[in-house]
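This report refers to the structure that appears directly beneath it.
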Amino acid sequence: MSNMTASERHAAERRERTKMVPLPSDSIVPERDVNERPVLECRHLGIEFGGLKAVDDFNFTVGKTEIAGLIGPNGAGKTTVFNLLTKVYNPTHGMVMLDGQDTAGMDIAAASRAGVARTFQNIRLFSSLSVEDNVKIGLHNQIKEHTAPAVFRLPSYWKAEKQMHERALELLDFFDMGVYANHVAGSLPYGAQRRLEIVRALATNPKLLLLDEPAAGMNPSETAELMDNIRRIRDEFHIAVMLIEHDMDLVMGICEGIAVLNFGKIIAKGTPEQIQSNPQVIEAYLGKQDEEA
Amino acid sequence: MGFLTNLINGLSLGSVYAIIALGYTMVYGIAKMLNFAHGDIIMVGGYVCFCAVNYLGLPTGVGVLLSIVACTVLGIVIERLAYKPLRNAPSLDVLITAIGVSYFLQNAALLIWGSDTKSFPSVVNLPSVSLFDGQLVVSAITIVTVIAGVVVMVGLTMFTGKTRMGKAMRACSEDRGAATLMGINVNSTISLTFAIGSGLAAVAGVLMCSAYPTLIPTTGSLPGIKAFTAAVIGGIGSIPGAFVGGLVLGVIEIFAKAYVGTQLADAIVFGVLIVVLLVKPSGLLGKTVREKV
Amino acid sequence: MSILHVEDLNVYYGSIHAVKGISFDVEEGEIVTLIGANGAGKSTTLNTVAGLLKPREGKVEFEGESLLGIPPHKIVSRGMALCPEGRRVFLQMSVRDNLEMGAFTRTNSAEVADSLEMVFERFPRLKEREGQSAGTLSGGEQQMLAMGRALMSKPRLLMLDEPSMGLAPILVQEIFNIIKALHDAGTTVLLVEQNARMALSIADRAYVLETGKVSMSGNAADLANDERVKQAYLGG
Amino acid sequence: MAETTTTAAAPRRMSKRLQSNLITYGIVVAFFVIMTALDAAGILTNSLAGQLVPICAYVCMAVSLNLVVGISGELSLGHAGFMSVGAFSGVVAFSVMGGIVGNGLLAYVLALIIAALIAAVAGFVIGIPVMRLRGDYLAIVTLAFGEIIKNILNNLYVGLDANGLHFSLTDAKSLGMQGGSLLINGPQGAAGITKMSTFAIGIVLVLVTVTVVLNLVNSRTGRAIMSVRDNRIAAESVGINVTKYRMIAFVVAAALAGAAGCFYAMGYSSIVPKKFDFNTSILVLVFVVLGGMGNVRGSIISAAVLTVLPEMLRAISDWRMLIYAVVLILVMIVSNNPTLHQFFEALKAKFRRPVKVGRAEKGGEADE
Amino acid sequence: GNSGSSSAGSSTTFKLGNIGPLTGAAAIYGNATKNGAQLAVDEINAAGGSIQFEHNCQDDEHDPEKSVNAYNNLKDWGLQVLVGPTTTNPCVAVSAETNSDNVFELTPSASSNDVIGGQEDADGNVTTARKDNVFQMCFTDPNQGTASAQYLAKKQLGTKIAVIYNNSDAYSAGVYKKFEAEAANQGLQIVSTSTFTDDNATDFSVQLNDAKNNGADLVFLPIYYTPAALILTQANGMGYAPDFFGCDGMDGILTVEGFDTKLAEGLMLLTPFVATATDEKTSAFTKAYKDAYGDEPIQFAADAYDCVYVVKELLEKTGCTPDMSASDICDKLKAAIVDGYTYSGLTGENMSWKDTGEVSKEPKGMVIKDGVYQPLD
């Protein structure tokens, strides 16, 4: 794969693009997921900030192994949707079903345990800790180790530590980041920090991975590598990915179902092809593309 | 009548706290540091005025002016020598430096003025106001302190909200680097903040020592802490908040002493702080700043 | 004489040598862009020119006068503005106050009011959010604010550090249109961009930075057609 | 390729951490051995000998406060409050236990444990409101609690007679005792304490404290605590119960401070609540910051050095506190001076293997 | 710090240690005891008798921990007899140390029961066991309390009495408790009792209001002079003018700089010593003290001065020599002091000591008139 150019890769991906099938709830999911329970279902989701309807009547479904995209102009409410899904904010309307489970009443940590993990628009690492520790913290709810045995260094402590160490390195190696294991997270190059955030999120063993502008600040070749990684995550971890991105090469390249937000409302839903040719989306978001997309 | 007397006493104490708290809030709001030496500048203000009047035989008014000038200069010098080198240091290092400065001022005062108590002559030599056939005596110093508190509060609010320099201060308080890029001289702005804060400390020192005429090298520490508490009750960083917090604290302290007992007064005062913060985590008039994710 | 002349610039973060002898010139009225991978030293260079960082060696001259040793706030009043990476808007101040801070060095209030009008015209979204505190703006809105704020000082040389980062495609175009318009109005622009394709399309000249050094430079159009540049920065 | 590097790195890192911890324990033990040897040789001055107990107490205080301030990242200005809870409950516990198991070492150890437990309970109760706050607001509330504890202890009267313990919050008279002894006499504190604390016990207490803190830090719990410090929202988003882990740090630190308080109190014949006021909290905070945030070894050294320093400066009496203040300010300025910092970094880099990838490490792990 | 000491330690001089608050809020007391003791030492050394002293005074900042440090420091120096510490809380801590080291300790001014130990307080509780090496030159607090009540009753000084005392101070609380008990015996009417603490010693408006509203015509202040000066000023500010009555802690009030001494007119206090007394001893001492230190001596200077002479006489009497260990000296002195020994000095005639450690001497009532102390009788 690595000796393919970026555009060759995109072309390959488009060729093998899955067929999207409509659901009764006016959403679409990949054909392969149609008989599975969707990992995410938002119904009439909405939130207001002092009168401002930041997200309004948001209905969206993500299939079990779908890569979904959320796009829209700046300030449209995309990040706010992520904050609603991860319970940073509590919705003022509607509901969020995570793998069939209603998230009402959960807090951020509970949402994580229920299977949603995320990265942040502004990188949020545990920057004074080592890369390995960052991943181990991601494993917090996966490998249990209690306080008392740790303080007294009982055998159960050593066993858990060994397990965590191995799992953390496994995850890091998946992203070729093993070499960084002992580095302080805050000192990593920007791109590596973004990747580490993804590794950490994956460590929580999520069913749905939310990526908020993962390609921001990356140049095209770095972006292409990121696209590969996102696909690999979907394929090897068998989870769904939902991402926010302004880089249309990336969005159109890997997303299967896309929703477009404007002023908190969905103005279009569909496959990349449908979205790209939607006049409303072009008007509000894409602009006239004078170059090839 | 007992109630009224206590209320008046409370307002008197409260307005002293308020003026100190205004200086605290000012420095905290702009320089983002807990200036634990603030209380000790009050003490220096008291001593300078004391010396001017008692040793140099100057008129009280001149003594007060001299004290304001001396404290302003002292504030600038301290900022330049001790705090400026720590502009980019972790906030706890700055806190420890402030504590160092506080020790320094106390012990320097000890060497210069000795440890024995000085009885401070009131700077307000007006007759007290006697109401209800002398049942209620309001001393002139109380009236002057309350008025001074209001004047300072209004003045500071106008200054930071309306003037160019005031806005520059707010910009520095948020992001010094960005403020520099706007063409703001961050160093002189912060110096100005300390100058104003220290000048206020001098006013507070003179008024406090007039109302509670005792002067030792540690005179400023406890009122400093109480005033800081007042600033937090009012919402630290908020100028009207500092004033309100000061008054509230003073009245509660006197009422607690009068109706519960002198022993538990401090516990009650600090208890009120805790209750206020639990109900309103950013103080009575403070703004809740939510971190956007 | 070039408006900005940088020669043999060396900048360190502690023991990290981030910029290793960069030299470049910006002529009056030009758009010059610096492109390069993450960590190449682009932001470091801009910050050093703006006076935020002290170089260990090298020359920085603005309109023929050395800027070394001059504090950043004075550099601003000489007519240079930097719209920094990561926006750095004043989160607790209103949109309007942020813009007013941008005009801190200007004293003629009528002219400032004109500039404010101009900014609101270019970024109608900011006009809508005039009284909202900047901290609650979306990322893109903050980016517009940062750029508007830099424009408020009416600089002769405007330095932009990744102005298109995190912006919707339509806004990216808008930002580049604004840069072009500024250029047409006579403002000199020094632009740092990840979006090399766009940057090269509007710039007159470009410098490619690699690990703290200038690896290529020349006419923007020529560089855009250079195979190596295409391969590394334009996504093939 | 990556495989080989990481597997090689793992044991090396473990041993690096272990090595660092061993040095820390080593320093404590070496200090004990040297002092004991000096004492045996009769070279140890009374002045220093008399300070060994408070040194151990302050070291425990600093290490435990470091758990809150350095490792959990919360500024606590009321740590002395827990010390005083431990001090007074320990003194009472010792008197009670003395009656049951005899006035020996056993009663003393039980008293230490009870003191730690009661301080832990105090920490938990105080933690409930405190943990709802953050940053400087949390700091001021801990300060407030420190003062409230002092204020309450100033009003606490405890007596022991044949009928058991008597408590009062008004005065000694209302204890209604028959004979017996007054253990805590309000603001006048406890007098007539049996001086049980020795240097050797102090060293054991220091070792226990250091072990608890270091072991905690290098565990899942410790990492969770540090993750909350570094980025609360990110920590929540990976499923960490933020309040729980902040609370664990707070309560463990309170318990350790309680034990230190009991140890301190039983090194003096009398103890007053005023001793454990805001100034003592600040004193301990100074130890922590000077020793380095999250750096346990640094806390130990700075607590010991700064406790002895004012005594060493006794000869210049009037100037000594002034000099202490200047030292404090200078240390802060010098350690934050970029030029000097660079110099030390370069020096350190010389002694270290070159780092393989990317940038040099900055900061450092909070695990020594 | 260390006060001037004579030539380096030799076996011909006794090492006399002294501890007091030389800095901090109680510094006046510490400096007074330091100076008083130094004066006595200088006189004794100049007289060139068989007993010669080397004097070393250490600061304790009125803090028990620091006081113990100061004591250990003195031990390193070779301390043989201790005069001090000056104030109660530090003295309680240090006396426990001297007790286990068996070092003779005579405190000029630390007056609480716990200093000497083994005493029941007003409620009949004992907190510390008797420390048999420790003696006081001053009255114990209970004695002051009792004496004050008796004195007020005898002289019929007040009908309605208010008390303001420092609840965080063992000395003040100790005096108050016995005063209260004795007042009941004497039929005195206490109409208002209020307290303050060291942390809360700047505003007395509430306490004074309480006294005023309850119609008190005499306010008893068993406290240190510093807050007392403040109370007098604040009372004046609110137009409240009762009589004030204090104990030994009140001594020093006239030295407060900036204090309007007119406010202290009529203030009464119990003290064993006044600088203005005309007897030969006092005037000689006052003159020497003024020459050396520039101020008028307060009672604690006199107490310390007496302490040094008592130590000297006892050393002479028991035939101790400077090469003896502190413990051996202690054994001799503590036996000798209770063995019919009497001393007449600045602070009393024919003072003697019980084996409880207490001194027996007569308190004197003083009143401030025309800015000076005058005997009340």
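A few comments on the model shown:
We just call them A, B, C, D and E in the order they show up, numbering each chain from 1.
One rule holds in what follows: a residue touches a chain if its C-beta (ideal position, glycine included) is under 8 Å from a C-beta of that chain, and two chains touch if they have at least 3 such contacts.
Molecules present, by chain and UniProt name: A, C = Branched-chain amino acid ABC transporter ATP-binding protein; B, D = Branched-chain amino acid ABC transporter permease protein.
What you see is a predicted model; the values in this text were computed from it and never measured.
The set of chains touching chain C and also touching chain E is given as B, D. Most remote chain with respect to chain D, judged by CA-atom centres, is C. Using mean Cα coordinates as chain centres, the one most removed from chain A is E.
Here the two chains linked by the largest count of contacting C-beta pairs are A-D. Here the spacing of chain A and chain E, counted between their Cα centres, is 76 Å. Here the CA centre of chain A is 31 Å from the CA centre of chain C. Averaged C-alpha coordinates give centres for chain B and chain E that are 37 Å from one another.
In this assembly, the C-alpha centroid of chain C lies 50 Å from the C-alpha centroid of chain D.
Along chain A, residues 79, 88, 120-121, 189 each make contact with two or more other chains.
Annotation for chain B: residues touching 2 or more other chains are 110, 263, 266, 293. Within chain C, residues 136 each touch two or more of the remaining chains.
Taken together, the chain D residues at the contact with chain C in this complex read 338, 341-342, 345-346, 349, 359-360, 362.
Within the complex formed with chain A, the residues of chain D that make contact are 2-3, 5-7, 9-10, 13, 211-212, 215-216, 218-224, 226-227, 230-231, 233-242, 248, 355-366.
Contacts from chain E toward chain D in the complex involve residues 1-2, 22-23, 58-59, 63-65, 68-73, 75-76, 89, 92-93, 95-97, 100, 114, 117, 121-129, 167-170, 173, 197-199.
Within the complex, the chain C residues that touch chain A are 37-39, 125, 136-141, 143-144, 162, 165-174, 194, 196-197, 231-236.
Contacts from chain D toward chain B in the complex involve residues 69, 75, 129, 132-133, 136-137, 139-141, 143-145, 147-148, 151-152, 154-155, 233, 278, 282, 285-286, 289-290, 293, 318-319, 321-322, 324-326, 328-329, 332-333, 335-338.
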